[in-house]
Structure formats: C-alpha cells, structure tokens
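One structure follows; several queries about it will come next.
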Amino acid sequence: MATTALDQPHAHAAHAEKTGLWSWLTTVDHKRIGILYGATAFFFFLLGGIEALIIRIQLARPDNNFISPETYNQLFTMHGTTMIFLAIMPLSSMLFNYLIPLMIGARDVAFPRLNAFSYWVFLLGGLFLNASFLFGAAPDTGWYGYANLTSRQFSAGPNVDFWNMGLQVLGVASLAAAVNFFVTIVNMRAPGMTMMRMPMFVWMSFITQILLLLAFPVIAVALILLMFDRFFGTHFFIPAGGGDPLLWQHFFWVFGHPEVYILILPAFGVVSEVLPVFSRKPLFGYAAMVFSGVFIAFLGFGVWSHHMFTTGMGPIADTFFSLSTMLIAIPTGVKIFNWMGTMWFGSLQFRTPMYFAVAFIAMFIIGGLSGVMHASPPADLQQNDTYFIVAHFHYVLFGGSIFALTAGAYYWWPKMFGRMLDERLGKVHFWLMLLGFNLTFFPMHFVGLNGMPRRTYTYPAELGFTALNQIETAGSLLLGLAFLVFLINVVRTSRGPRNALADPWNGATLEWAIPSPPPEWNFERVPVVDGRDPLWEEKRKNGGRLPEPVAGTGAGIHLPNPSYWPLVTAVGVTAVFIGILESPRWGPWGIIVAVALLLFGLYSWLFEKGYSEFRTPSHGGH
Amino acid sequence: MHPRTTAARRRAGAPFLCALAVALAGCSPERYPQTALLPLSDFARIGDHVQDQTFYWALGVFVLVEGALLYSIFRFRGRPEDPEPSQIHGNTTIEIIWTLIPALILAAIAVPTVKGIFETNAIPKGAMVIEVIGHQWWWEFRYPEANITTANEMFIPAGRTVELKINSGDVVHSFWPPRFAGKRDVFPGRETRLWWKADSTGLYPGQCAEYCGIQHARMAFHVRSVTPQDFEAWIGHMKAKGPPKPPAAAAPAAGGSLRTASAGAKVQGARDSAAAGAPAQGAEYAAGEKLFMTKGCMGCHSLQAVGAPKGLIGPNLANVGSRSHIAAGWLPNTDENLERWIREPQSVKKGVLMPNLGVTVEEARALRAYLRAHQ
Amino acid sequence: MTDHAHALETSTGLDSRKLAIWTFIGSECMFFATLISNYLVHKGKSLVGPFAHEVWKDPATGKVFEPIIEIPLVTVGTALLLFSSLFIVLALYGAQKGNRKMLIGWLAATILCGMFFVGMQVYEFTHFVHKGLTLSRNMFGASFFVLTGFHGTHVTIGVIWLFTMFILALRGKLTPNRSLNLEMAALYWHFVDVVWIVIFPVVYLIR
Amino acid sequence: MSTHVEAQEHAHPTPSTYAKIGLVLFILTALEVGLYEITFGESAGSFGHAIQPFFIPLLLFLSAIKFALVAMYYMHLKNDSKLFSGVFVFPLIIASVVILALVALQAYHWAFARSGG
C-alpha cells in the first residue's frame, strides 16, 4: 500500500480534533462508533416506523386496498426485521459502545478496530437488507420466516434470500461485537471494580453479550440450512424429501427466545441506571438484580417451544415448556419489584428520563402479565398468532425497550453531545408517546382475543374489527407525531451551545466524572473504584459537590491509530453474502472475488503498520 | 400517568378516559362473530376456563403493582433541594417475599394449565373423523365414512364429538375455529389433531392463523353446526351428488331447498336430486354447464361430493350454491359477488391460483346460475 | 485481531486476545452443537438410499447401493488430526522456549497433517458422490455433507492461519514474548480437533 | 477474580507428557474403531452382539475421555485460569442441553405423531 498519513508514528493524543468524513470512516474511538451506531439505528427506526404507519393505514378500513397484499407482506416482514435487528439491537449497541468503557473506567474497548469492523458490517448488512426494496423483492415471509413457505417452491423470488443473507451479515456484526464487549467487561475494568461493583447497565450488557454469543450461532446454522435448501437442493425443511418444517421452528426459537432477552436486558440496564439517580438512592437489591439477570439468561435457553404450543407437540413437551416459561416470569417479576423498591422512600426528581423510566415499568408490567396469560397452552391455543400476541410483544418491545432506550437517550444526551435536550419538548414527546402507544396497542388485546389473526393485510367488515383498528391507526399517527417532536428537540438542541455540565443529573457512575463530551482518551488517570456508585462516594467525601472536571492534555496516553481496514474487511464480508445471493447468475466468481477482498482486508488489518508487533519494533510498534 | 399539576392531570386524563370508554364498548365479545371469548364446545371451554384463571390473577397483580407504582410516584415525589433520602441498599426478606408470592401465583396458574393441557390432548374415542386439508388459501374438508368432499364450509353434528385429522397440501397453515376450539397448525407431511363437541347449532367463522403467503388474510372458512338429524339429511343430500351421469340424462338439478339466508337458519330436508324439475333458468343452466366444461373449470374444480378426485388445485363445488361465503369463506355468496369472483378472480383475491379466464358478463351470469343450482 | 495493547494491566491479569479466542471457541461450540443436532435429528429420515451403514436396493431400478461409510479411510483422517494436535502443542512449546528449529519443524508437521486431513475429506466426498450419495439425494447425504463440510472448512481456515504463522516463524517473528499469537492459532486448532473427536463417533461409528 | 497480574509462566507440561497423551489419544481412537469392528464389522462374533446395547454409551465414554484429554492438556485448561474453563464449559453445557432437547423432542414428536395423540 502507498504510505499514507497513517504511517507516521502513532498519533499523539493531543493533536487537533479530527473532523470530516475520512475521520469518521477510519475512526476506532468507541465514542464515535457509538454515535455512528446511534445515528444509523435511529434512521432504521424511523424507516421501521414509516413501514408501521403504512401498515396501520392499510388496516384502518376493512377490505382496504391502500397497498397491495404483496407490499403489505413485505412491509410487515421488514417492519419486524428492521425494528428487531436494525433498530433496538443497534440502539442498545450505541449505549454499549459509548458507555461501557466509560462506566468501567477504561480508555476504549478491548479491540477498537474489531469494534469499527462490527459497526461497518452492521451498516452494510442493514443497507443490504433494505436494498431488497429497490429490486421490489423485499423479504415477505415474516421476521421468523417459517419453513416451508420459505422454500424455493413457494418463495421463488430473491425475497427470502435477501432476508437470509442480510441476517447472516448482521449475525457476523453481532458476534464480533459480542466477543469484543465480553472481553472488555471482563478484562478492562478499573482497579478496584470487581464484578459485583460494576454498574447494573454493564451487568445487563454483559449477560446480553453471553446470550448473543450463544444464540447467534444457532440462527446462523438455521439460515445456512435454509440456504442449502434454496440453493443446493437439500430437503432439511421440505417435507417431500423427508425434512420437517417444524425443525425450522425449533432451530429458530432456540435462537428466538434468547434474542428477545437480548432486546430487553439492555433496557433493564438503562432503567437500573436512571431510576437510582432520579430517586437519589441506590438501586434496590443489586445482587438480586444480578442473579435474576443471570437466571433469565440461563433459563432463556429452556423455554423456546412456548412459541410452538399450537403445533401439537404433545402434552409432555407442552407441560415442560409451559412450566419453564412460568418459571422465567419470577426473576422478571423480581426485577420489576426491585425497581419499585428503588423508588420507594426515594426523593423522586421528575425530569424527562424519569418520565420514560417510570412509564417503562408501567408498560412492561402490562406486557409481562399478558405474556404470562399465554404461557399456558390451553389459553395460548386461542391467543397464538392473533393480535393479542402483537399487543404483548409491542408492550414489552415498544413499551419496554423503546421507552427505556428513549430514557437512556435523554439521560446520556448531555454526556454524548455536550447539550441538554429541552425538558419541555421532552415532556410533550413523552405524553404524545405514552398516549399514542396505549391508543395503538391496548385495543390490540381486545381485537386479538375477538378473533383477528396476525399478519392479515385486510379483514372483512362483518367480523367487526373496524372500530378498534381505527383507534389503533389513530394511535399510531400520534406515535409518529411523538417522534417528530423528538426530532425537533434534537435539531433545536444541536443548534444550541455545547454547555452541558459534566454531571447534570448528580449521577453515580464514572461517566459523570469526566467532561461532556469526554476527550478521546476518556480518563486522564484511570480511577480507582472501591464500591458501587463510585461518584456518590466521591461526592460524600467532598461535601456533596465535585468541581467541574478538566479535560487534561492526554499526554503519554497510547491511543490506537485510526484505520480503514475494518471498513474494507466489512465490505469483503458483505460481498461474500452478496456473492452467495447472486450465485445462480454469477456462479462462484462473486464469492471468490469477495473472499479475496475479505482476506486482503483481513491480512492488511492484522499486519497494519503501527499496530502489529509482528513488524520489527519501529517507533510506532511499541 | 404522573403529570405535575392536577390541572395537567385532568386535561391529560380526559382523552385517555374517552378512548378507554370507546375501547371497552368496542370490545364486548358479542359484537365479534369470530371471538375466542364465547366458547360453544367442551374443548373451547377448557381453554376459556384456564384463560379466565390466568386473567383474573393477572388483573389482580396489575391493579396491585401498578397501584403501588402510582402511589410511589405521588407519595415520594421530591424537589432537588430536598434532603437526600436514606440510602437503602436492599432487604433480603422483602426479596424473598416478592420471589415467593409470584412463585405461588404461578403455581396456582400452573395447576389448571397442566390439567388443561392433558384434557385438550386426550381425544375421546368414537369421535366422527373429518379430514381437514389446508391449501394455499382455501380449506378442503373430507368425511371419510361418507366419502364426501366439500370445501370452506364444514358441517358438523351438534352434540357429537368430531375429531379433525389435519394435513396441508402445500405450506404450513393454522386451522382456527375460535368458537369451537383453539388453533392447530397444519403441516405438510405431519398430521395434527383437533377435536371438540359443539353444544349448539349455527354458522360460525374461522380463519387461517399462520402466515401462509399472499392471500393468508383471505383464507377463511365457516363451521356450520347443525342438529344430528339435519346432519344426516345433509350427508344424504351430498351422497346424491355422485359422479355426473352421462349428459343425456336429466341434469342433476337439485332444488334450491337448502338456501340459507343468514347465520343460524335451519336446514330443510333434502329432496331427492333426480326428481327435481328443470329449474326456472333452464337455458342459462345448460349454457352454464357447457361453459363449465369449455372454460376449463373442470380442470381444477370437481362438482361431485362423493368420490371426488384428490389433489385438485381448486375447491370442490358440489354444494357451492348453498355456501354462506365464497372465495374461501370471506366474500358473501350473493349472485353479484359470485359473478365478479368468476369473472375476475385476480382483482377479488390477488395472487389466487385461479386465473382470469376472460369470462364475459353473460358467460359469468350463466356460470353463476349453473353453480347456484348446486345447493 | 491483534491490537497489541502492550502488557496492559488487565483486571484478570490474562491477555485479552487469549480471552477473545476462548470466547469465540465458546460461541463456536453452539455452532457445531446445532449442526450435530441437525444431523442426529435427521438420522433415519432418509426416504431413499444410499445409507450410512446398510446396503440399500433401489426398488425402482434394482440397483444395489453399498454402505457409504468407510471406516479405514476416516480412521486415518482422525489419526492425522489427532497427531496434528500433538504437533502444534510441541510447536508452541518450541516457540515459548525460543527453540526455533522445534517450532518450525512441528509447525510444518501440523500443517501437513491438516492438509492431508482436508485432502482425505475432499477425496472422501468425491468418492461418496460416485457411490450415489449427493447433497440432494437424501437426508443423510444433506446433513452429512453440511456437518463434515463445515468442519472441513474450519480445518481449511486453520491450515491457512497456521501457514501464516509458519511464514512468520520462518522470518523469526514468533519470538517467545510473541508466542501468544501462535497459542491462539493452537487453541483454535485444538478446538477443531476436539469437534472432530465428537463428530467421528457420532457420524461414522454410531449406527 | 484476582486483580494482581497472574504469573505468565504456569507449570506447562513438558514435551514428553504431550507425547504420552498423544499416544493415549491414539490408543483410545484405536479402541473406538476396534469396538465398532467387533460389534458391527464383518468379524463381529457372539461377543460383539452381546455388547451391542452398550455400544453407544461405551463409544461416547471413550470420546468423552479423548475430549477431556485434549481440552485439559493440549488446551492447557488444567493449569490456565479458571475463567477460560468457565468460558469453554458453560457453552458446552448449553450446547449439550440443546442437542439432547432437540433429539428428544424429535423422537417424542415421531412417537407422539405415530400414536395418534
């Protein structure tokens, strides 16, 4: 390679602030990657929201033809896939990236370039998945793509292949990030911060990484088997050749249920950080929260068939999975009670993050209870695959994760961008969102129990669903308005001065001990921790207040160089799966070229100057 | 949920309350023919009983826990300048209490659940077997003892247990007659079972509940529960619809005796088909019969209820004239709808396997007359 | 993968890269577990022959299919992979002790064994295809080729990784304080061997 | 979790122990194949038929020993930090739970479907 600017000795920490596209393309700073994750995820969240609005408009009237059946089926599939894989997971990843190093007192994640690689693979995976719209072949078999509708015979087009390959690419991104964060949390904690002194958000993220590490390989294999069925004529899920479509459901939900815990545990972590700060008292029952999280993760692998009670697996299997599902409701209940215990006897400060956190508890309780209602198979036979289930998972995913992530956004906005989001607009956003959310999803409980199945692009008038569907559509428009208010809040704030304090909320964790936004090296001196809520301890020692921290020069701090090889390797990874998708037309050549690019990117990454100690130790190599 | 000022609370409460009122009014089950909350069979009552149990426990927990949350919101509200509250870290006894109580509640739910699981999985002996075959986007029903095939409208004798042997002809569906039983997934290559004993008569809708392709939304069916005598009459009536006698013989123009206006109408006795006089629209009927051959309808549809060939793409039309709905149980079976459905199926149900055959308006009227005669 | 943060003070005192490779191995356990359960779930589900251990006569054509599995061939492969595990450990020992000759010698032996194993598998696959077992022929064929094929792919990746290590060793880059990189490759190689230790009886020996 | 820097040099086994373990592994493999031959091979005598029901447990036991040997000695789990053992064993537990559950469910479905349940 031509010697580029990167070849000079490793960048001193004190050089000028890097801006411009190139600095973003080659960043390895966990904070910038966090902001990239956040911006991309929010864009996909809005995309998913628009898909939801179109779905709601189509369902506003019986026998409506606002959109064609195929478009509706593509929209509901992409709404599900986008919201789960391209919105909630990366929004959680934004918080992982930005906050975990700050909260555990580290200067960066364990493998900064692997972190950049994860982001770029996620971005390319998301674009690849959504590119299917350009070819009019967006996935249309639902976010869990049950076999054998996904077989070549019943889904001849590339729709399912886009979904299959897209999820494989996103799987690579999630696995790479999971290894990175697992090692970061285990290995890079500040001196004195034992595992039982870590902030609860870091604990929940830690469990989420373990779930990711164990669940994603299962879906990767399931998708590989589906790929073999569609491209190479095997019959894993095709009954004609001896295969069984039910096997796909098993494989998918062995991944599927840990996946829904991957979606909710980061939200648990955010709420466990916000509530103590705005109740001005420590989290209630720290150990109970940790063990219930671990219990949820371990048992999460033993409940998957509660998604399959209607397949007639037989009484023994139904009983086992029903009881294990009920068992997992207990630690979830313990968490809710511990949050309420945190608020009890507290001095509650109702700032915007607190609004969303408390609403999270209220909505998640409803979602949890409607979940327990279909943990019992006889009841689930009526509820499964109806709008009752749609109501349940929106109460836990929207009422749960999105409310909590919004609380996190308002709470950590000053730390990430140095500006406080406007409180008044925040409250308007909250009320619109709470009202819109309940108007949209509460009637779904009733319309579901009264006979409206899931994923139907329309319904006849005589079944009586019209009135409730109209309320739901009105509610969804209100939700759209709510996020418009949030956007206005963001834009107005970004024009304002960067005047946020380092610790605007009297926080307890380490990220509030450094300036907002923190310098590239985070901590001038790595802090020593000797208890939970380190900042509150520090403040008690200094009479309740701490001086505004100064950024410091960061001299002598070794910072990793920016590098573009993660981006090149990410393009290689995505190209491999594009090559597979196009293999019927291009033959093996697409894959061969992609693998070559991948290897080129990987080797250049591994032996990059200034990084790898394989080079004879020049100045930059230490 | 917790606005600062009382005025704000009243203002914010108003829209919420009236929306709630509308929602509550909108959700009383009587207004929904396909509701799962008004069981009409023993199977459905098991599920309904278990669901009630879990619902009341859930409602109780909801009221207590959300109430505690609301209480704590107002009781412990503070201002920044208030003194710091006591820094409680936890309390093991409370932790144990709020682990045990949910465990006990769940145990209380688990008992009826497990009992319900085994009850719903134990198929009573001596039930009448009906074969249900799911196809992409319609339902086929076969009565093996009587060797009768019909589609989209299942006749069942009230007061007698029916056992459904469910298979699929293509992809995974889910057979869901909410008034009589929960849903059972329909697998190609793996037979699943469902059973119930209806305890009242009437026409009740049901729908496919597992996404199965473009027209999953319009893959509905009806279950017509009739008295045992009417059921025997219906079987007799359908048995008369054997293989077509050579065209020279009198067309098996069965009378329109079974016309049923709306849900719950009684089924009159069937008349012997051969004795039926030529129906009033003889000319149209004959034209329709000829068109049924020339337009190729025979290729996918069969008109004989007894011994119909298996594996046809289209539904059996032996008694299509008397069905309450057409196009798989959702389009009301009026003459105008039947004609439109024959003339341009792709615009009525896009993506359905029945192509537009370029049928003119007159031809459609003749075909409609011919099919209407098949009661 | 090798962000060399020089001997950073880590909370556990362990090197992050070694922890990373172990985490990756933990995740790969689930990958192969799903593939193995896919194989076991499809055991006995093949509608037509040829089968793993039984003779099968095609009712339509009367053609007789011999049992597919040939124990001698795969036993050689298993022994190769087993010994390559031994060799890589000796090579690592050489690297840690700075004994360059031992490192290069045993590393070359490991790579040769790995290549022979992959060669054996390629031969075995083509041989099976000639015996009538293809990917789309029956469930046994499909699940067998997917399971052993993906294991073979992992072995190939391992060979490439070890070959890169071999080049570095020749250039004298694998000094004792940099032997961790070889240890990571060794751990990956042992994992691939351990997975074969499970696949070999489950696929080849259990009837 | 110890916070001090663990001494890098553990008591790594010597090459001779590695070689011995290599030999044991080879013998175990030979035993596995031998077990197969005497149970199902052409030379399967009466003794072979006698132990046929124990074939699978015996076989799995032998491969479990090989698995443990490679993991403990070649992968240094024996003398490395317990963290690595945890990171390896925990997924193994989940993996075997998933394999056993899926195989059991498949067998149960097959029996359940057959019994007309």
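A, B, C and D are the chain letters, set down in written order, and residue numbers restart from 1 in every chain.
Here is the rule we go by: a contact is a pair of C-beta atoms (placed from the backbone, for glycine too) under 8 Å apart; a residue touches a chain by one contact, two chains touch by 3 or more.
Nothing here was measured: the structure is a model prediction, and the numbers come from that model.
Enquirer: If you count the C-beta pairs in contact for each pair of chains, which pair comes out on top?
Expert: So the pair of chains linked by the most contacts is A-B.
Enquirer: Return the chain label for which the distance between chain Cα mean and whole-protein Cα mean is smallest.
Expert: The chain sitting closest to the overall C-alpha centre is A.
Enquirer: Per the centroid of Cα atoms for each chain, what is the distance between subunit A and subunit D, given in Å?
Expert: 36
Enquirer: Roughly how many whole angstrom separate the Cα centroids of subunit C and subunit D?
Expert: 15
Enquirer: Between subunit A and subunit C, what is the separation of their C-alpha centroids in Å?
Expert: That pair's centroid distance is 33 Å.
Enquirer: For subunit B versus subunit D, what separation do you get between their C-alpha means, in angstrom?
Expert: Chain centres of subunit B and subunit D, defined by C-alpha means, are spaced 51 Å apart.
Enquirer: Where in subunit C do residues touch at least two different other chains?
Expert: 9, 11-12, 14, 19, 23, 26-27, 30, 34, 41
Enquirer: Which residues belonging to subunit D are in contact with no fewer than two other chains?
Expert: 1, 3, 83, 90-91, 94, 98, 102, 106, 109, 117
Enquirer: Quick one: which residues in subunit A touch 2 or more of the other chains?
Expert: 186, 191, 213-214, 218, 244, 246-247, 254, 314-315
Enquirer: Can you tell me which positions in subunit D touch subunit A when the two form their complex?
Expert: Contacts found on subunit D: 1, 3, 83, 90-91, 94, 97-98, 101-102, 105-106, 108-109, 112, 117.
Enquirer: Quick check on the complex: what are the subunit A residues that touch subunit C?
Expert: The contact residues of subunit A facing subunit C are 110-114, 175, 178-180, 182-183, 186-189, 191, 193, 213-218, 220-222, 224-225, 228, 232-236, 241-244, 247, 251, 254, 558, 560, 603, 606, 611-614, 621-622.
Enquirer: Could you list, by residue number, the parts of subunit A that touch subunit D in their complex?
Expert: 186, 191-192, 194-195, 210, 213-214, 218, 246-247, 250, 254, 301-302, 305, 313-317
Enquirer: Over in the complex, which subunit C residues touch subunit D? Could you list them?
Expert: Against subunit D, the touching part of subunit C is residues 9, 11-14, 18-19, 22-23, 25-27, 29-30, 32-34, 36-37, 40-41, 53, 71, 75, 78-79, 82-83, 85-86, 88-90, 93, 96, 186-187, 190-191, 193-194, 197-198, 200-201, 205-207.
Enquirer: Quick one: which bits of subunit C touch subunit A in the complex? Just the residue numbers, please.
Expert: So the residues of subunit C in touch with subunit A come to 1-6, 8-12, 14, 16, 19-20, 23-24, 26-28, 30-31, 34-35, 38, 41-42, 45-47, 135-136, 138-139, 142-143, 146, 150, 164, 168, 173, 178, 181.
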